[in-house]
Amino acid sequence: MPISVNDAPLLAAQSLGLVRGGRELFHDLSVEVYGGQLWQIEGANGAGKTSLMRILCGLSRYGFEGKVLRPVTPLYLGHQTAVKALLSPRENLQWHVSGAGLYSDDQVDDALARLGLRGYEDVPSHTLSAGQHRRVNLARLFLSDACLWLLDEPFTAIDKQGVDETQSLLASHVDGGGAVVMTSHQALQVSCNVNTLNLVQGVVS
Amino acid sequence: MQRQHPQSCSRGCLLSVPHTGQFCARVLRRQLLLAVRRPIEIGNPLLFFAIVIVLFPLGLGPSPERLVSFAPGVLWITALLSNLLTSDAVFRSDFDDGSLEQLILAPQPLFFSALAYILAHWLTTGLLLAAVSPVFALMLNLPVSALGALFVSLLLGTAVLSLLGGIGAALTVGLKRGGILISLLILPLYMPVLIFGTAAVQAAMTGAPSGPYLAILGAMLSLAIALAPLAIATGLKVSIDA
Amino acid sequence: MYFDSLQGLLMMNGHGMYVWSAYLAAIAIIMTLLVVPMRRRARLLQQLAREANGSEDKTVGNARVEQ
Amino acid sequence: MWTFFHKLGSPPWLYAIAGTILRWLVPITLIALVAGMIWGLLFTPPDFRQGDSYRIIYIHVPAAVVALAGYYVMAIAGAISLIWRMKMADVVMRAAAPVGAALTFIALLTGAIWGKPTWGTWWVWDARITSMLILLFLYLGVVALYESFDNKEAAGKACAVLSLVGMVNIPIVYKSVDWWYSLHQPASIKFTGESTIDPSMLYPLLLMIAAFYALFTCCLLMNIRAELLQRESRTQWVKKIASEKGAD
């Protein structure tokens, strides 16, 4: 499906600059994310990947130069899993505070099953491991119909099968016209082409 | 069953975004369920209220006449302190596991989400406090005629206290040791509520009409409902950004 | 002048101790209010000046690395 | 006017303009303070009821008035830094807090000392003194909140929110404390009710109030300059000023 370039960008960052503790992490960094693109932000630890993600999604509102235009509400997966220990995975997903739509039970079952959590839908989450919590958080990707996904190292503590399942989902989301901006230390095996944004030189390739 | 993927996103996204009222009801239900699933956290403020009430006769002496002259102030100050103790935890657990970030990024306005959080906090603390207070009022020898005024004044007052405590909670949620700080920030704002709350009970004790004082408490409540969520929303965005 | 002598001024028929203690306390606080930021600014400037001079002779050696 | 407002946002310009204002404002403030005190202490008749102890009014009332005004200055600076995201307004708020707290403390101290000869007790729960005490707690709350944040940028924003909430609450606190005082206290001599103050006592009071406003401005501008140097210590214009200062 040809990517319609004339659409407005789903996310536009104009000349972003951030100084952290006297060190300049990046400056004059501009990027425009259109539907059908997958962006990977690369950089060593401490290069400011997470700070950039927080600026792009709107959590950081002060302390940086430049502007971010966000016409659509992104789906943001951060380092923390946002899974309440007292609620079951199903309740966590159906009553999620990110304001997403109402998911039916079988949608939730299907999403959790694809991440290897079949049978754990209704147990209290405090009985699940940290890795399983991350997978419950990742299940939001399978349920959400948001166009723009901002993922901050989604694959940490996820096993091989989960990573492959998610990578194929990312590819189909991008082919379907959605956009993904993510940071990850692992190389991505995705069928669509990957635009990379390397923070060390602040260069867009 | 391969879920049907949205073919093209350009025609607008998040098609099934629940409107604000639906979302706030869902947040309220979630918060109440979280509170009910750990009932001891509902019990704590009530136990604190009971224990501190018992301290006063030990300190002031058991004679009923002395106690009755202090009863309104004692009841109200204890309710105020127990409300203050619980207001620190309103956003703390959501901040720790990352739900607060998701709430701030939700398309629905944060003003009403914060209001839903505070309503849930009030239902699990203020309302129960008001319901339980007549028992302790009788222990302090408060005349039965003043129990009604006490209940209504606590009902309105604890709602205002929850809203103001929410502001303190939002500003200190990012700090590791925010507990003590919250009392320094918010107690000066609690004082007008304390003044008119005790005045209502004292008036009822002496047989005077407590209506005007309850009206002022109601006015404070409406002002707090209108303005406090603004400060709470801004405070949360600032604390998340720190 | 409402006091006939220095002694009268100090005593202020009985209230002198309170009036003078209040004035002296207020003057002390006002002085600290004025002096503290002055000294803080002076200390900062001195420190920055030392840094400026200090870094100047240091960079002569590795000026190339700096650019 | 708008360019002025915009220029106010640039640190070096604010630093320079504060310097020039201070150069002539500090001497005027000192002269006014000294003149006011001498005038109030020596050249005004004693009060027929309270005798000479009323002379403390020339410190107590100005400090109270300017302390309250200082809170509003802080809150408005906070609002500007929140709404228009001006970093300089954040600096102004940060500079105003300690000065306001100190002035409130002066008002409380002199009020307590004044209470001793007139009422025989060191602390009197008068309406205005109690409201002044609550104002001091509001100030200390802002200072405490600022100190407990590591990231100073967020600290400024949080303090702006708190000072705005405080500003909305000050009239409510003052009215409810006045009402509370009148409920429990039969209308004995109103501590702060000397409205019928004859001119010979009024003029030094007005001079002292003006002197205290000037004092507040001086301390504010000095704190702003110090805060600017600290925050912008890595910028070029600060290095230039430092090297100039180092040279002479």
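As written, the chain order gives the labels A, B, C and D, with residue 1 at the start of each chain.
Everything that follows uses one rule, which is that a contact is a pair of C-beta atoms (placed from the backbone, for glycine too) under 8 Å apart; a residue touches a chain by one contact, two chains touch by 3 or more.
Fair warning: this is a prediction, and the values are worked out from it, not measured in the lab.
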{"item": "Chains touching both subunit C and subunit D, listed by label", "value": "none"}
{"item": "Contact-richer chain pair [A-B vs B-D]", "value": "A-B"}
{"item": "Chain ID, smallest distance between chain and overall C-alpha centroids", "value": "B"}
{"item": "Chain whose mean Cα position lies farthest from subunit B", "value": "C"}
{"item": "Rounded Å distance between subunit A and subunit B, as computed from the means of their C-alpha atoms", "value": "35"}
{"item": "Distance from the mean Cα position of subunit D to that of subunit B, given in whole angstrom", "value": "33"}
{"item": "Rounded Å distance, subunit A centre to subunit C centre (Cα mean)", "value": "54"}
{"item": "Centre-to-centre distance between subunit C and subunit B (centres being mean Cα positions), rounded to whole Å", "value": "45"}
{"item": "Interface hub residues of subunit D, defined as touching at least two other chains", "value": "151, 154, 157"}
{"item": "Overlap residues in subunit A, where contacts from two or more other chains coincide", "value": "62-63"}
{"item": "Multi-partner residues of subunit B (at least 2 other chains)", "value": "241"}
{"item": "Interchain pairs in contact, sorted by label", "value": "A-B, A-D, B-D, C-D"}
{"item": "Complex contacts: residues of subunit C adjacent to subunit D", "value": "1-3, 9, 12-16, 18-19, 21-23, 25-26, 29-30, 32-34, 37-38, 40-41, 44-46, 48-53"}
{"item": "Subunit C-facing residues of subunit D, complex", "value": "26, 33, 37, 41-46, 51-53, 55-56, 59-60, 63, 99, 102, 105-106, 109-110, 113-114, 116-117, 215, 218-219, 222-223, 225-226, 229-230, 233, 238-239, 241-243, 245-246"}
{"item": "For the subunit A and subunit B complex, residues of the former touching the latter", "value": "1, 4, 7, 10, 35, 57-63, 72-74, 76, 78-87, 91, 95-102, 106-107, 110, 142, 145-148, 172-173, 176-179"}
{"item": "Contact set on subunit D toward subunit A in their complex", "value": "85, 151, 153-154, 157, 234"}
{"item": "Interface residues, subunit B side, partner subunit A - complex", "value": "1, 3, 5-10, 13-18, 23, 26-27, 29-30, 33-34, 37-38, 93-94, 97-99, 101-108, 113, 237, 240-241"}
